[in-house]
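Next come two complexes, and both contain subunit A; in the first it sits with subunit B, in the second with subunit C.
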Partner chain A sequence: MTNALVLPVLIPLLTAIVLTFFRNSFILQRTLSFIATASSAGIGVYLLLRIQSEGILRLDFGGWEPPYGILFVGDSFALLLVTAAATVTSIILLYAFSTIGEAFEKMYVYPFMLFLLAGVNGSFLTGDVFNLFVCFEVMLLASYALLILGGRKVQLVEAFTYITINVLASWFFLLAIAYLYGATGTLNMAQLAERVAENGQGPVLTIISLIFLLVFSLKAGLLLYFWLPGSYSAPPAAIAALFGALLTKVGIYALIRMFTLVFHHSPEITQSIIGIMAALTLIGGSIGALSSSNVRQIIAYNVVIAVGFILVGLAAGNEVALQGSIYYVLHDMVAKAMLFLAGGLMISLTGKAKIGEVSGLIRNYPTLGWLFFIVMLSLTGIPPFSGFIGKVLLGEGLIEAETYVLLTLAFLSSLFVLYSLLRIFLNCFMGEAIIGSEEQVVLKKRTLIPIVMLGVLTLAIGVGADVIAPFVNDAASTLSNPQTYIEAVLDKESLLKQ
Partner chain B sequence: METLITLLVGVLVMVAVYLLLSRNFVRIILGTAILSHAIHLLILAMGGLKKGGAPLLTEEGSTYTDALPQALILTAIVISFAVTAFLLVLAYRIYRETGADNLDDVRREFDD
Partner chain C sequence: MKINDVILRTVTKIVVFIILTFGVELFISGHNDPGGGFSGGLVLASALLLLYMTYDIETVHKGIPFDFKKIAGLGVFLAVASSAVPMLFSNQFLNQAKGEFALPVFGATELSMVLLFEAGVALTVVGVVVTILLTISEDVS
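The block that comes next holds the complex of A and B.
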């Protein structure tokens, strides 16, 4: 029992509610929202360290012991993601301070970002399937509002598609929950895992697991990503970066959690379907990234490729592959935020979003150019940046699982990532400078600082992989031995002691 | 009783799918609302429908009604209410901006 476990959700939630009353005092809004996200990240680190010494943490709300109450469960995997999400959000907030504009600040953009973070953190921490649904909705409602802020026509129309798809997915989620409750009589994840393990995962449960797969794939953009490029390229850079860094990761988290903890008993069906979907996602994402000449679209398709790449690890299912996936999720949160910010900054500086309309930007904005170069290397997986270690471990895991087709596709996709981003870099940053030094828009230092911070972070994760290795290894070992999680939640003896 | 409710759920899903596949904004929104009702009923049916039992778990009680599905439905209804309201406002806003009430016209205007 530790009350600190609720703070990564509670702090952003309460701050957001308070901030809605201070619509016009921008300084207060900025300060409080930054403090809220930064302190959530700090608490994430604190809890991670506690897990190393005390094992999986648990918070039973209202003292209702599992399996009867709703609870938060903090294992290394959940808290690594909480920490990464809160850190990335606070850096994106810094970027938003200098770019988002007064009109957005007046329309509660910071409270919405905080609500989004609260929903995301809640989804990572919860140990109850229905609570996961509720946290998803908190996150999604905030994302709906963020997507339409500004009210440009393209945003409204993309938002309608995005919301309809997500509402539909939400009701399917509820459908799966209803069936699961009918079949097992519980919604507590640990008890679900125990009951499925005891009674065997029969055809009915496998079908239910496939409904869950459908729902989470829609959220994660695994194969069912057709809504993603449009809606991720509509909002301003700061909001798009938040979406790209956080939203799909929640779907990925839910997939990994459900299919390693509860539905891991018939891998020949679920795992192979996930593998096929991941392979098709890699192919489709690569084709999309190459076929578009719009910078925003290319960046959005890169999100799709990463989703496929991470879930290849879940398809392989062994511990090394899961370690690789976890490293890669953390890396991808940082790198995608950086890519969206750098790309968005480039578009807002030049006003052009198509390849070929601008060139030679590296002469106008050398720092931005090199930052874009760094994020390109990082996403391709070149050492010493953060993508490298994840790709190596994932490769090892795939070789161990002898899934060579997935291995080939995963590493080919890296080449497509490199090519699609190199196309932006060579066309827009290299070449002849067409914007004269007199007419170029001045780039403020404080706009660049957040991108530099993300660059430092991706380098730090790459160089300091040893520092986060114990956390990642612990997370992967908990995922591959679900019994640890079940015992931590349903531990009868420690309940009697309390 | 469960069979009857399941049949009703089936009919509601049928209506919802028909509405969702149309191009008119209001029909799509009504479709999502009806789908949500169908699934709420399904949760109720999944919890088991009993008459006469109190929703309490006592040591001796032999018959009781499962209260959890109703708690779940209550939460889901609130969420469905919020989302439907949001979608309706969004559809109205799109109508104000573009003068279109269906996806075809909006896309056409978009392409021009």
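The block that comes next holds the complex of A and C.
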């Protein structure tokens, strides 16, 4: 029993509720929301350290023991993601403080961001499939509100698609849960895993697993990403960065969790379908990123490529590939937030979102230009930045699994990422300066600092890969040995049986 | 032409109290019998709705001068905060305590922490339902 496990959800949730009563005191809103996210990150680190010495932690709500009650389960994978999500959110909040504007602050933008974080953290931590659905909904409701905040026409158009798709996906999610309950008689993830392992994953369960695959692919943007570029390029930079860094990662987490813990018994069907979907995502995302000349769209398509890249590791399914995927998820949260912020800042400074409309920005804003350069290198996977280690491990895993087509596609996609971002860099930052020093918009230091922090973070993850390695290895070994997870959750049960 | 709604007004004056009592009954029996904060809250909200329909919004607001958005917020706060209280006594999150109390009128009564949580749920439901209905009605006029 560890009550600390609920804090990464409880703190943002309670703070958000309290803040709705203080609509007009911006100072209080800013301070409290930053404290809430930063302390969630701190608790994430604390729990991560405890897991290394005590094994997987769990918290049975209200003292109802599994499989009867709902519980939170903290393993290294979940806590790594919780820590990363909370850290990135607090940095994005810092950026929002100086850019988002009074109109948004009055319309509860910070409480909504906190609700989003609470939903995301809840999805990472929960050990119950229905609770996962609930946490998904908390996150999605907050994201609907954030997407339409401001009420510009393009936002409303994109929100309509986004909400329709997600309501449909949620309906399928509920359907899949009902089928799963009908087939196995439980929704506790550990007990599900145990029962599926005991009775075998027959055709019925495989079909149910494919419905789950459909649902999570819609949320993660795996192949079914048609809604993503539009809705991620509509809101302001700070909100888009939050979406790009967190939302798809929850879908990815759910996919990895379900298909390594519960539905891993017929890899020839599920694993290969995931592989094909990931390959198509990589191809489609690359084409999208190259074909668009709108900076926002290019950045949004980069999210799609990363989703494909991470799930290639799940398709390979061995421990090294999973390690690579976990590294890459962590890296991608930081780097995508940085990319969205840097790109968004560029657009808000110049007022232009098309390649070719501005050039030579590096003379006006040298720091911003080099930060964009850094995030480009990081996303391509050039050492010493954080993308490198994930790509290497993923490559190793793919060679071990002898999936050479996926390997080729994954690494070709890195080139397309480089090319698509280099196009922005060369066209917008390099070249002749067309904005004179008198007419340029002043860039405040405190707007730039959050992006610098993310840059430092991506460098730190790359250089300090050794420090994170034990956590990532533990996470990957738990994922590839689901028995560890099952025993940690159901240990009292098995004692009673003996 | 003004509609003659004497019967509606007269009936409402009595029926609202019956509905409110039933709502409270549902809410209190919640943790042992069918009912609870959600259904209780819906019934309470329906009483308010009946008032809003019989009289106009301004008249009801004079009698019940609450911002229902705030009530919904208060409800969520109560529900979440009351679930967090057991953590202070090193019990699990959402753990519920209960005890027997000798109350002056009711005699020996069993009171449970669930009641606080359910009160939060009920307030949220009342707040949200009334807010939604008021927003829709503003839209039309």
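Brief remarks on what is shown
Everything below uses one rule, namely that the second predicted complex is superposed on the first by the 492 of 498 C-alpha atoms of A that agree within 3 Å, B and C clash if a C-alpha of one lies under 4 Å from a C-alpha of the other, contacts with A are read in each partner's own complex, and residues count from 1 in each chain.
Convention: a residue touches a chain if its C-beta (ideal position, glycine included) is under 8 Å from a C-beta of that chain, and two chains touch if they have at least 3 such contacts.
Worth saying up front: this structure is predicted, and the values here are computed from it rather than measured.
In the superposed pair of complexes, A:Tyr46 makes contact with neither subunit B nor subunit C.
A count of residues in subunit A touched by subunit B and by subunit C gives the higher number to B.
Look at A:Thr20: by the touch rule set out above, it reaches subunit C but stays clear of subunit B. In the overlay built on the shared chain, the residue A:Val134 is in contact with subunit B alone; subunit C does not reach it. After overlaying the two complexes on the shared chain, residue contacts for A:Phe411 are found with neither subunit B nor subunit C. Judged by the touch definition given at the top, the superposed model places A:Thr164 against subunit B, while subunit C stays out of reach.
When the two complexes are overlaid on their common chain A, residue A:Leu10 makes contact with subunit C while staying clear of subunit B. Of the two partner chains, subunit C is the only one that A:Gly63 touches; subunit B does not reach it. Per the touch definition, subunit C reaches subunit A in the complex via residues 70, 73, 76-77, 80-81, 84, 87, 90-96.
Put simply, subunit B touches subunit A in their complex at residues 20, 25, 28, 32, 35-36, 39-40, 42-43, 45-47, 68-69, 72, 75-76, 79, 82-83, 86-87, 90-91, 93-94, 97-98, 103, 106-107, 109-110. Interface residues of subunit A, counted against subunit B in their complex, comprise 130, 133-134, 137, 141, 144-145, 148, 151, 153-154, 156-157, 159-160, 163-164, 167-168, 170-171, 174-175, 177-179, 181-182, 187.
Partner subunit C is touched in their complex by these residues of subunit A: 1, 3, 6, 10, 13-14, 17-18, 20-21, 59-63.
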